[in-house]
Amino acid sequence: MAHTQELRTLIARELPNLDLVLAWTGGFDPLSSTPLFITTEADLDRLAVGPMHVQNLAAYLPSLKGRKVGIVTRGCDSRTITELLQENLINRDEVVIFGIGCTGAVNIRKVRTAVNGAPVTDVEIGDDVLTVTTGEETHALRLQDVLMDKCYTCAGQAPRMHDHMVSERSGCLATGETPPSSLDLLEGMDARERFAFWEGHMDRCIRCYACRNACPLCVCKDSCVAQSRDPHWVDQSDTPREKLMFQAIHALHTAGRCTECGECERACPMGIPILAMKQALNRRIKHLFDYEAGMDQESTPPLFMFRQQEETIKERDAR
Amino acid sequence: MPTKTVPDRNDGNFLQEVQQASEQNLTRCYQCGNCTAGCPLSFAYDIPVNKLMRMLQAGEKHAVLSSRAIWLCASCETCTTRCPNEIDVARIMDVLRHMARREGLVAEAPVRHLWDAFLTSVEKHGRVFEVGMMANFVKRTGRFWTDADLAPVALGKGKLGLRPHCIEHQDEVQRIFARFREQA
Amino acid sequence: MNIGVFVCHCGSNIAGTVDTEQVAQAARSFPEVAFATDTMYACSEPGQAGIIDAIREYGLDGVVVASCTPRMHEATFRKTIGRAGLNTYLFEMANIREHVSWIGKDKEANTNKAIDLVQIAVEKLRRNTALFSSEFEINKRVMVIGGGVAGIQAALDCADGGLEVVLVERESTIGGKMAKLDKTFPTVDCSSCILGPRMVDIAQHPNITLHAMAEVESVDGFVGNFDVKVRKKATYVDWEACTGCGQCMEKCPSRKAEDRFNEHVGTTTAINIPFPQAIPKKAVIDPGACIMLTKGKCGACAKLCPTQAIRFEQEDTVVQEQVGAIIAATGYDLFDFTLYGEYGGGRYPDVVTSMQYERMLSASGPTGGHLVRPSDGKEPKDIVFIQCVGSRDHSVNRPYCSGFCCMYTAKQTILTKDHIPDSQSYVFYMDIRSPGKLYDEFTRRAMEEYGAKYIRGRVSTIQPRNGRYVVKGADTLMGSPVEIEADLVVLAVGAEASRGAGALAEKLRISYDGYGFFMEGHPKLKPVETNTAGVYLAGSCQGPKDIPSSVAQGSAAASKVQALFSRDKLASDPQVSSVALQRCVGCAKCASTCPFGAIEMTEFRGMPKASVVETVCQGCGVCAVTCPQGAIQLQHFTDNQILAEVNALCPY
Amino acid sequence: MSVTQYAYYPGCSGMGSSIEYDISTRALCKSLGVELLDIPDWNCCGSTPAHASDHLLSASLVARNLAIAESMDVAGIITPCPSCLKNLKTTSLRMQRKAFHDKVESIVERPVRADLPIKSVLQTVLEHCEPEAIASHVSRPLKGLKVVPYYGCIMNRPPDVMTFDDPENPTSLDRLMTALGAEVLPFPHKVDCCGASLGLVRRDLVTTLSGRILDTAAALGAHAIVAACPMCQMNLDMRQSQINRANHTRHHMPVFYYTQLAGLALGQSESCLCMDKLCVNPADTLRLVDCPAAEERTR
Amino acid sequence: MPVLEGKELRIVGFLCNWCSYGGADTAGVGRFAQPTDLRIIKLPCTGRVNPLFVVRAFLNGADGVLVSGCHPGDCHYTAGNFYARRRLEILRELLDVMGIQQERFHYTWVSASEGQKWKQVVSDFTARIHDLGPAAAFSGCPAVPIDMDETGIKAAG
């Protein structure tokens, strides 16, 4: 495709000045994808860009601090870069951003569910239809129905900042009515339903911490309080209580920082809609402090500052 | 003056009742006398306002409710405005009148008759019909000389209509009175 | 750990509504509790001896006392276990008096709650570690803020004791409110005659540095090592050169300057020395009134000044002072009576405040000591005094008693009679508060010997009538309203917190009450201390006070400073934050939120790490909540200690 | 001037004893761009007789009017009468408490939000038009007229309910009258009670209280009293002869509604302003306005 | 100790040492009678209150949690309660997202002199929790979570 070619050209031009470039390539089957670390021009042949290439590559940036890195970025993931810059977790002059216009990010889990888990032999992307072939059968799926939940609250397909931009901006391919997202479901519940919702999902959690490991904003690395004795926030019992406790910890640690890239949910092997918890919290933070993470490099996340007069906070009665 | 035995006062609940009905904290009163000092009608009262407040604290129900002062209060709000303890004294005077009525202890009957005449007129017409109200008041009290000297002036100036201004939905106002009586 | 639990009866204070024996019984079943007993008065000598004996007999290495609030006796018991050889931080208290026995009526519920509180104390104690203070040097200089009589006393006492003192005064002269008074009660001696010599002592004392026309700008540091920035406001006069001769005042053409010293009874010159006994006796130009500074021409004073001291171009300067202790003695302000519309709200010229009246009584005041009506200069004959103006009044948010108004009003009636023998004073009062030595006798004298007529009741309104004023009040003892026609009405205005007291309290990091008065460490036992180590209080900044009390507090604060400085080094509070290096990822979020700037970013084996400056850390714990890894922990209040308490209370 | 619509509550006296207040109020509002829409089929607020008899009854009588006004598209409810105003405002305030609100609604049998702003005509006029702006419309300045402003006891009090002007020394009428060109004398009885509510039953008290107001006004050299309350005006004006008789005084003190004097200054005719309805004949006083020198001549 | 069956519910309080703990003491000294449900954990400052302590308490079965500190502007550490205010506001929202009734959590400011206010806060909050009743506990037999299947992915066309 033309814009893949253009991207290759852009990267090739910059590559001599860079230690490596983060991009995507195809995975084990036509649905999957995997990050690609480009160090030589030869690697460029494997580069692929499209709705199936969904990992938030910015997650790798903090660990590459100190090296000169190029990164291919779409709109939502660029917010992560902004947030990382804001928290001094990366340096702007060490990062070269290759911006692409996003055409929508497919939730592979949704596709696999739609084809009943059958091995996928081919995927074709039409205008707003994903044609998936499983052996003899073909499934025409409405792209809108199989996007990642984050796409339903998309704030813009193009990155908020970039050094190079692929000129051909396709825009999101999906059209039509948005199906109900997990966030919609969650917001529609009352407290008891929500509690049962989380208990149910947490019961399935296998405590693999893939959600945390995938999170680009988790700074704790190997020092996560979920697995320490000092402090000892979470015990090792396999109960929804402890697993929900961990999710609360992660939600508060990323409160006002989470850019809703959805890596946590994408990484979850059990398909637990953890992103919805963060989206819901973010909505409320936006309402409280008129703040959204990853929008402005110069601002400060709401929990690391205060105002003496908080106009939006009203004192409440104990009654 | 008879000795009063504390705490064997008339009615221990009286203070509570007044406080509840008026939503005021009467225990705050420390007898500075500002209410009495500012009251334009102190000169006419049998019991000065500050003493009424003291008697309330002491629970002297009968004496308070049968005082003339509570009927002479003009609701001018001076006491309320100036009370250093933010007690709405005028509202308490209102509440005392309500209670006195219920207990049948109205010391200034004409005041009560005037108000009843007024309310009767409102109930009947929806608005006050001044001439009718006056007639009703005179009938209740037999005070046929009341402002007789003013009537010709007022009539001459066209200030007293001889027919009531009835509202369209008198029944609504009448129902308000009826339901109020049911609830009371 | 071998934990001992001691459940105090506090006589019947606790045992009356808590089954203390059952509490001790329950405590024995808690993990690591080796010994538990109930005791009559844990804080008494035998009570403390019992704790020490038990520590030795049962080999206890941690103690829980369930008794009153730790704010009362935590320090006591820490010392007790220290005497028995334990680290003083291996101790916890369960507050089963203020939080249980005194507020709950149901004995079963109280006992149950007391057991819970003992349990969380035990659970916390199990995770306590021995903490050790480090020592640091003290800077043995003291700053006194405020040069009224309390501050003067504190400064002189400290200086006489050999300490270096920095005295900071907002106005151009020290002396405060007392310097404005004509006479003082109950002796009716001349105020400036007794205060004047003390003020001179301040000026001449070799140990005292005086910054007048100066305000505290910021306070950094901590007990023993405060770093204070003081803003010296521009006076437009070189005080080194000014001799205080006063010639400038005579020739100054601008005579419309605010006369703050004389409580705005009249105006004064733009260049001014407030009163003859001022210390320092230096001229100051009011930039708002000075013709040169407002219109750019005049300079009469500059031409005249024999020492060429005038500096129209002068600007504020900021000086830095290092001190080890601070005494706040910022005094009070007078209630703004214009809030009372019924008293004219300031519209009636002959309704004056008591302090204005005081200036009128003073021979060095604006009327030369002649009592006259401001409106027409005539001598008043009937003078009405109204007490409790801005005191004991909820409607103006001043429900407290200002304490000294009864006394000064009595004094003013006596002085009035002395000035105008054929005058008659009337005093509207609510209650006479005169509990000092010879105070009540003094108020009686005003009535009995000087004929002041006291009327018990408040005044509802003052209305002008034919050039005089009708004062409408009540005589509640008679049970009737009263009206008095007066020539002059004096409002005995109450005291309120000094302008800017709240802002200063925040700089000093001390608490202040809803009215702006500074909070003492304990209402009875720590009257001049604050909750911030090294900051002390003297005088009316803590609450309205008369002169003897203010002086006593000034001395008390000075002796507290002397005691603090009697050591060469201070022990730092070990309840501060500390960083577990292996967990810290160097994200610096803690450093960005620390209110004290106590966290520095350092490098450890090439990795960025947070590091706590122990002497600067105040132990609030904001950092511990900020750190996602829990790498920075507040000692004695670690995550695990608090979680243990939560888990004990909520065991699923 | 912009036009703002208000629900207008004239009050019963405006239909009878203070008809000139109602008429002159409507005229003033019209000329200043305050549009009055009568609350359709409004009923009596119950005045003092209601609140002195029962607070629930009083609130219920008021609430019916609030409910009707709430169905109109208006910026608020305004009334010229302080007594009505106090009842309307007190009810609206007390109805913020749910328990009381529900009780009242159950009696009125219609939903009442009690959330419309309620103001006096005086407040509305002054908020709508700064006195300086009004001054620019004056065609017949009240030059030479010395007046004392008499607000009455409840126009501004209790302050927590009325929340308008100063409860002890209100100045709104002063500013308005000054803007119209009159000389306003410092009047100590601005908010003192005239005793009007006792007029029918204890005339002796009224003559004492009102006499004091007239005495002071006369002693200050006032040509007239400017009133804002129909009760006060009626009391001081219609009863002036009774007061004179009781106190052995010979006051001849016209008592104008401020709306009448304002109308006059803004060029409305005396007949439109119903000057003839005043009991104490204001003709001589009004002549002063035309010709300030007249006062000199009459001396 | 378990809560007294039928009498009490489990209410945990986190109080700052300087103001609210002192306010609770003042209420005690004044013998202001209060409900007995509340158990107070003393912290130096509301700035030390990790919102996760509150989450922990709720997940462990607390029926109500109360946090109280110095009035804004009066913090002994100048800014602790300013941070706390933001953290606790966000916590309120998180609790709601998690399905823990927001009403079960309250934070307020009570100074050391406000014994009367403290009594009122404790009485009001305890009454509120009793009105709400015991908090929802983990059922132990969770409902089948809403799966992706149920979100209904339709075939295009």
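A, B, C, D and E are the chain letters, set down in written order, and residue numbers restart from 1 in every chain.
Quick note on the criterion: a residue touches a chain if its C-beta (ideal position, glycine included) is under 8 Å from a C-beta of that chain, and two chains touch if they have at least 3 such contacts.
Here the structure is a predicted model, which means the values were calculated and not measured.
**Q** Of all chains present, which has the mean Cα position farthest from that of chain A?
**A** B
**Q** Could you tell me the distance, in whole angstrom, between the mean C-alpha positions of chain B and chain E?
**A** Computed from C-alpha means, the inter-chain centre distance equals 48 Å.
**Q** What whole-number Å value describes the gap between the mean CA coordinates of chain A and chain D?
**A** 68
**Q** Just the number, please: Cα centre separation of chain A and chain B in whole Å.
**A** That gives a centre separation of 72 Å.
**Q** State, to the nearest whole Å, the distance from the C-alpha centre of chain C to the C-alpha centre of chain E.
**A** Taking the average C-alpha coordinate of chain C and of chain E, the gap between them is 33 Å.
**Q** Could you say which residues in chain A touch two or more other chains, in rising order?
**A** 233, 241, 303
**Q** Quick check: what residues of chain D touch more than one other chain, meaning two or more?
**A** Residues 167-168 of chain D each touch two or more of the other chains.
**Q** Which residues belonging to chain C are in contact with no fewer than two other chains?
**A** In chain C, 342, 461, 593, 639, 643, 652 touch at least two other chains.
**Q** Which chains touch, pair by pair?
**A** A-C, A-E, B-C, B-D, C-D, C-E
**Q** In their shared complex, at which residues does chain D touch chain B?
**A** Chain D reaches chain B through residues 12-13, 15-19, 41-44, 46-57, 60-61, 64, 103, 106-109, 153-154, 157-159, 167-168, 191-193, 195-203, 205, 208-209, 238-239, 241-242, 276-277, 279.
**Q** Residue numbers of chain C touching chain B in their complex, please.
**A** 342, 388, 392-396, 430, 456-461, 472-476, 479-482
**Q** Applying the document's contact rule, which stretches of chain C touch chain E when the two form their complex?
**A** So the residues of chain C in touch with chain E come to 26, 69-71, 95, 97-100, 102-106, 108-110, 112-113, 115-117, 119-120, 502, 506, 509, 511-514, 519, 531-532, 575, 593, 595-596, 618-622, 624-625, 634, 637, 639, 642-643, 645-647, 649-652.
**Q** Can you check the complex and tell me which residues of chain B touch chain C?
**A** 28, 30-39, 42-43, 48, 50-51, 78, 82-86
**Q** Quick one: in the complex, what on chain B touches chain D?
**A** Answer in residue numbers: 40-41, 43-44, 72, 74-78, 80-81, 88, 90, 94-95, 97-98, 101, 108, 110-111, 114-116, 118-119, 122, 126-128, 130, 134, 137, 146-147, 149-150, 153-154, 157-161, 165, 167-169, 172-173, 175-177, 179-180, 183-184.
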